[in-house]
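The structures come next, written out as structure tokens.
Note that subunit A is present in both complexes that follow, paired respectively with subunit B and with subunit C.
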Partner chain A sequence: MASKQMLRYLFRRFLFLFVTYVVATTVVFLLPRVIPGNPLSQLLSNLSMVAQANPEAIRAAERALMEEFGLGKPWYVQYVEFISKALRGDLGTSITFYPRKVLDLIVPVLPWTLVLLLPATLVAWILGNTLGAQAAYRRNTWVDKGVLTTSLVVSQIPYYWLGMIFIFLFGVRLKLLPTQGAYSQGVIPSLTFSFFVDVLRHYILPFLSIVVSAMGGWAIGMRLMVIYELGSDYVLFSETLGVSDKRIFKYVFRNSLLPQITGLALSLGSILGGALITEIVFNYPGTGYLLFRALTTLDYPMIQGIFVILIASVYLANFLVDFIYAVIDPRIRIGQEA
Partner chain B sequence: MVEPLLKVEGVRAYYKLGRVFVRAVDGVSFEVNEGEVLGVVGESGCGKSTLSNVLMMNLRKPLVLVEGRVLFKMGNGFLEISSLGREEVKKRLWGKEMAVIPQSAMNALMPTIKVRKYVEHLAESHNIPKEEILEKIRIRFQEVGLDPVWLERYPFEFSGGMRQRAVIAIATLLNPQLLIADEPTSALDVVNQKIFLKVLMQMKKRGIVKSIVFITHDIATLRQMADRMVVMYAGKVVEVSPLEEMLRKPLHPYTKGLLDSVLTPEPEVKDRGITTIPGAPPNLIDPPTGCRFHPRCTYAMKVCREKEPALVEVEKGRKVACFLFTEEIA
Partner chain C sequence: MFKVMFKPLLKNRKFLIGFSVFLFFLVLGLFGPIFYRVDPTEMTWNHEKPPSREHPLGTDTYGRDILAQLIHGIRSSLYIGFLSAIISLTIGTFVGTFSAVKRGVVDETLMAITNIVLTTPSILVAILIASYMRVRNVEMVALILGLFQWPWFARAIRAQLMSVMSREYVYLSVMAGYSDLRLIFEDLIPTIATYAFMSFVLFINGGIMGEASLSLIGLGPTQGISLGIMLQWAVLMEAVRRGLWWWFVPPGVSIVAITASLLVISTAMDEVFNPRLREE
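Let's turn to the complex of A and B:
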């Protein structure tokens, strides 16, 4: 009986996700097409330079490309083609990087984005929550005031500005760290120690700019949660029973962390989209940077491709949150069994 | 010979809010004797819950002790707990010598761990071996009518009445001498109230706790269990009296008003009908001059507006703060 109910629950959940997924991909399909501009213009102007500007040849090339990308067909035909191809794992051919496949372009940049954003998101989460909890626990002391003020200021700083300040300070002024890229130009990626050090030196600034700007938000949220929990009945009762402060703090930390885990899972789900502006500022070869290139050149298949993957990962994270929550919070786990 | 277990001497405890003070407990003196159930009664907003915090010296900003002493019997002498810091009192007395059954026992247990785990943590904080305390909680659970298998459950799986009983079992686990129950029954239905009060009285009968301070606005509950009563109004004690005598002949007009507003099926109440005390308790930032009850008192005289009546013993064991009884003495 229970498994039958569980299956029905899962089925409903999947159906819901499927419908919203279709809606989301439709929006992603339509939106770039509403932006005025011709996606082929850049490709054609490159071509015209090579082909010595023979108008006939260029017009022929345009027709051929229209055919190739299916841009001449009505939008609904294009849409059906896009969906049916995507379901088969074919995200099409990039216009900007013609004739390379979209998937072949995205796959090599994914590791760079993951390596940058996964640790940065986790570190920001851990540091932010720890600081926020400490601040709440020492409420109205200088620790609290320091953490709160810094968090408020830092979380309001635009992170690209923070990135630029870092570049200016550590890269240009102090000349301590490189200012752009994921590794030095001209170096061929290899599994050597010197390449590792090179990557690490390029890694520090974008990593720090993300950690610092994301940390403040977590700290503010956690501080509020802990303050709320500290006033709750179980804390007051535990105190009057003489339960040690250390233990009570553990209780409060644990219970305050539950909603923060949802937030973490959701931000982890969206990291495949890259840190768009951070990657632009640091010229870092991640998905964000790729998306930026695709958007500026109206590379429809590339924009669609990135979003299809991004939306899928966000949904996957959403789906996982339900399960993680059930594991860590007995109120939900046992409530569902009953 | 009755011996006091806890003595409150001239205590003033105020909430300091910016420049103003909320005089929640304002010059209160009384004793909790060994082996008695002391009822503390009064309307909401009379300083009852503040008083329960004062008894434990559980003072947190903005609540501060302005004046007075609280003494607790330890061994042969009295320990002046009001001269110790909150941390010190917590370490030496809370849980072991005095414990609280809180106003909202419904949510008093740590929600995301099993009850057994919570009890183990309690043992750890008091440096008691785990096995010893687990053995004890199993017996205590049975005493309050809970199957020990519930120790392996989470608090949210308990019903309201069960949670309340689990809270009693845990609060009395270390055999505290004094148990302070702060409006513990207000969230329960009548059947569970009855069970709860029975369990509470058993704790005293078995000698697990020596004395109980029962704080409530519900006189009907108190008359089932209290030995003596303390009546509070606007941060002051207006009457202290053995229960039976107070019920038979309330002295202070406020006490009389409280008793008259209680719904009980007794014939004399039926004849008399239910009356209420007009008005509401005053603002404790700026309480009325003289007797604080005078704006609502039907017997108010000129002197009541000008002078504050002292709490004076008018009969053996009965004290009242009212010029109707003390004018000639004063």
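Let's turn to the complex of A and C:
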């Protein structure tokens, strides 16, 4: 099934994403060293200012920071060390939670983010595309106008603000659902039914805020794609041949879906960004919440570590989408130049 | 020429609605501070009061007037949006046109950079850069946001210009010995003007949204006020869970209204000017 051309395409994409990853980590490396005002030395002097409180721990953290950033060594040694560490998954030591490793802190929060982000993104994508296609198919009816108008407004609502509105309406006013966390306070995570229900109740509001506001954009895009497709030659030709509307719509839907898959790959980053902030609004114990804590305490090794992981996962997801695209698009599957 | 351009727009209901809403917020941001002369930073003893005659949109934890904050916030959010849009549009136009005109190595290099920036999540990079800056003014925030949202525009106009370049009148200009710059400004830029304007509008949205996201996690402008900063304060003070709706609803509504109206304007222009969307 996997043709030579398809493998070549995937290899090219992989190479591109790998180079991009190295460029991105280089930027992560360069930023603290080129931004004026040198935030690291700032952080060091901050640390020594509070050193009276707990001199031993602070000095240890200071040493760790020096070592983490390889300050004092020539820049190219620092750079090679940084890249090789990043590729091996060694992300250094956190300052706030000294002496815990950054990776050990990120690993437990990642599943919460994935559990929220992946289903929400997929559901929004599927619902949005279906709605948009239906609207285009019924162009200029009240269905179309309703979908378009709603989508234009809804697509511009930041996830986190919709989250605030949901918290206020369903949590504070109607008291239907919990307003923060991933499970009730004091509950110990376990594999029981009651814990599952508890998690689910906490999950509904952040999930819905992402789904609802992400859906609009997909609907707008899909509507446009389907309108374009409906005006294309093969549709007119099929109509003159007397092919049923249902079948034509199926073809059109499939063809319009391809650009939407590319669109999904391209907007992964902004979806992730929005979801991270939504986590903060909900005090949801995911990566966004951890990042927020790291940002407020200027825990630079942790900030860098989170970014190296997040950027890598965006590229990985990109590659997955490329793979799906290659499987779905016959032009790549049979090796025709797209 | 302008008559031909604007007449169909002014007949489009969507455009009129979007434009009126946007104009309302623009006027509010530009002239609001002149008519509503309340200092948004002035603290009073009226803590967290719901809307009243004295404070039309209520007050926050420090007794500051929300309406005054909102007007000033709209003003600087719009400013950040415009500024970042100008930056993105300039970079995008430059990269796109030079790729299309120069071809070859220049094209390949510029497109490689474009694709790298396109694949890299811009909001994350913006967060990372902002986290290293201790002082951030409004212009810096606009710059951080504007530096990374241009790639899709550069790619789109490169593709459009490639097809324009194969038209006869461009060949004639090349044969007549036009310099690249003259070619770009006289033959090429005019063909992408409408598209550029529509993209500019979307870039403004990106800037306003980006500012709100940055500010919410405490990485917005370090002084002054913006719609994002209002939301940040509301979140910090737990306004949402304590039910102080007059605090977090107005800035959100303003963000959605401004960006949605701009999106409607751009959609309407697409419907009017894009022959593939015109109905028979």
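In this section, the second predicted complex is superposed on the first by the 247 of 338 C-alpha atoms of A that agree within 3 Å, B and C clash if a C-alpha of one lies under 4 Å from a C-alpha of the other, contacts with A are read in each partner's own complex, and residues count from 1 in each chain.
Following the convention adopted for this analysis, contacts are C-beta pairs under 8 Å (C-beta built on N, C-alpha and C of every residue); 3 or more make two chains touch, one makes a residue touch a chain.
What you see is a predicted model, and the numbers here were worked out from it, not measured in a lab.
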First (subunit B), second (subunit C), both or neither touched by A:272: second
Contacts of A:331 with subunit B and subunit C, given as first, second, both or neither: first
Touched partner set for A:128, first subunit B, second subunit C, both or neither: neither
Contacts of A:251 with subunit B and subunit C, given as first, second, both or neither: first
Contacts of A:243 with subunit B and subunit C, given as first, second, both or neither: first
Of subunit C and subunit B, partner touching more subunit A residues: C
Partner chain in contact with A:296 - subunit B first, subunit C second, else both or neither: second
Contacts of A:234 with subunit B and subunit C, given as first, second, both or neither: first
Contact set on subunit A toward subunit B in their complex: 232-234, 236-244, 247, 251, 254-255, 258, 329-331, 334-335
Residues on subunit C engaged by subunit A in the complex (per definition of touch): 115-116, 118-125, 127-129, 131-135, 152, 205, 209, 212-213, 216-219, 231, 234-235, 240-243, 245, 248-249, 252, 255-256, 259-260, 263-264, 267, 276-277, 279
Subunit C-touching residues of subunit A, taken from the complex the two chains share: 16-17, 19-20, 23-24, 27-28, 31-32, 35, 37, 39, 42, 139-140, 148, 152-153, 155-158, 160-161, 164-165, 167-168, 171-173, 179-180, 220, 224, 227-228, 231, 266, 268-270, 272-274, 277, 280-281, 291-292, 295-296, 298, 303, 307, 310-311, 314-315, 318
Residues on subunit B engaged by subunit A in the complex (per definition of touch): 56, 58, 90-91, 93-96, 99-100, 102, 104-113, 121-122, 124-126, 154, 156-157, 167, 170-171
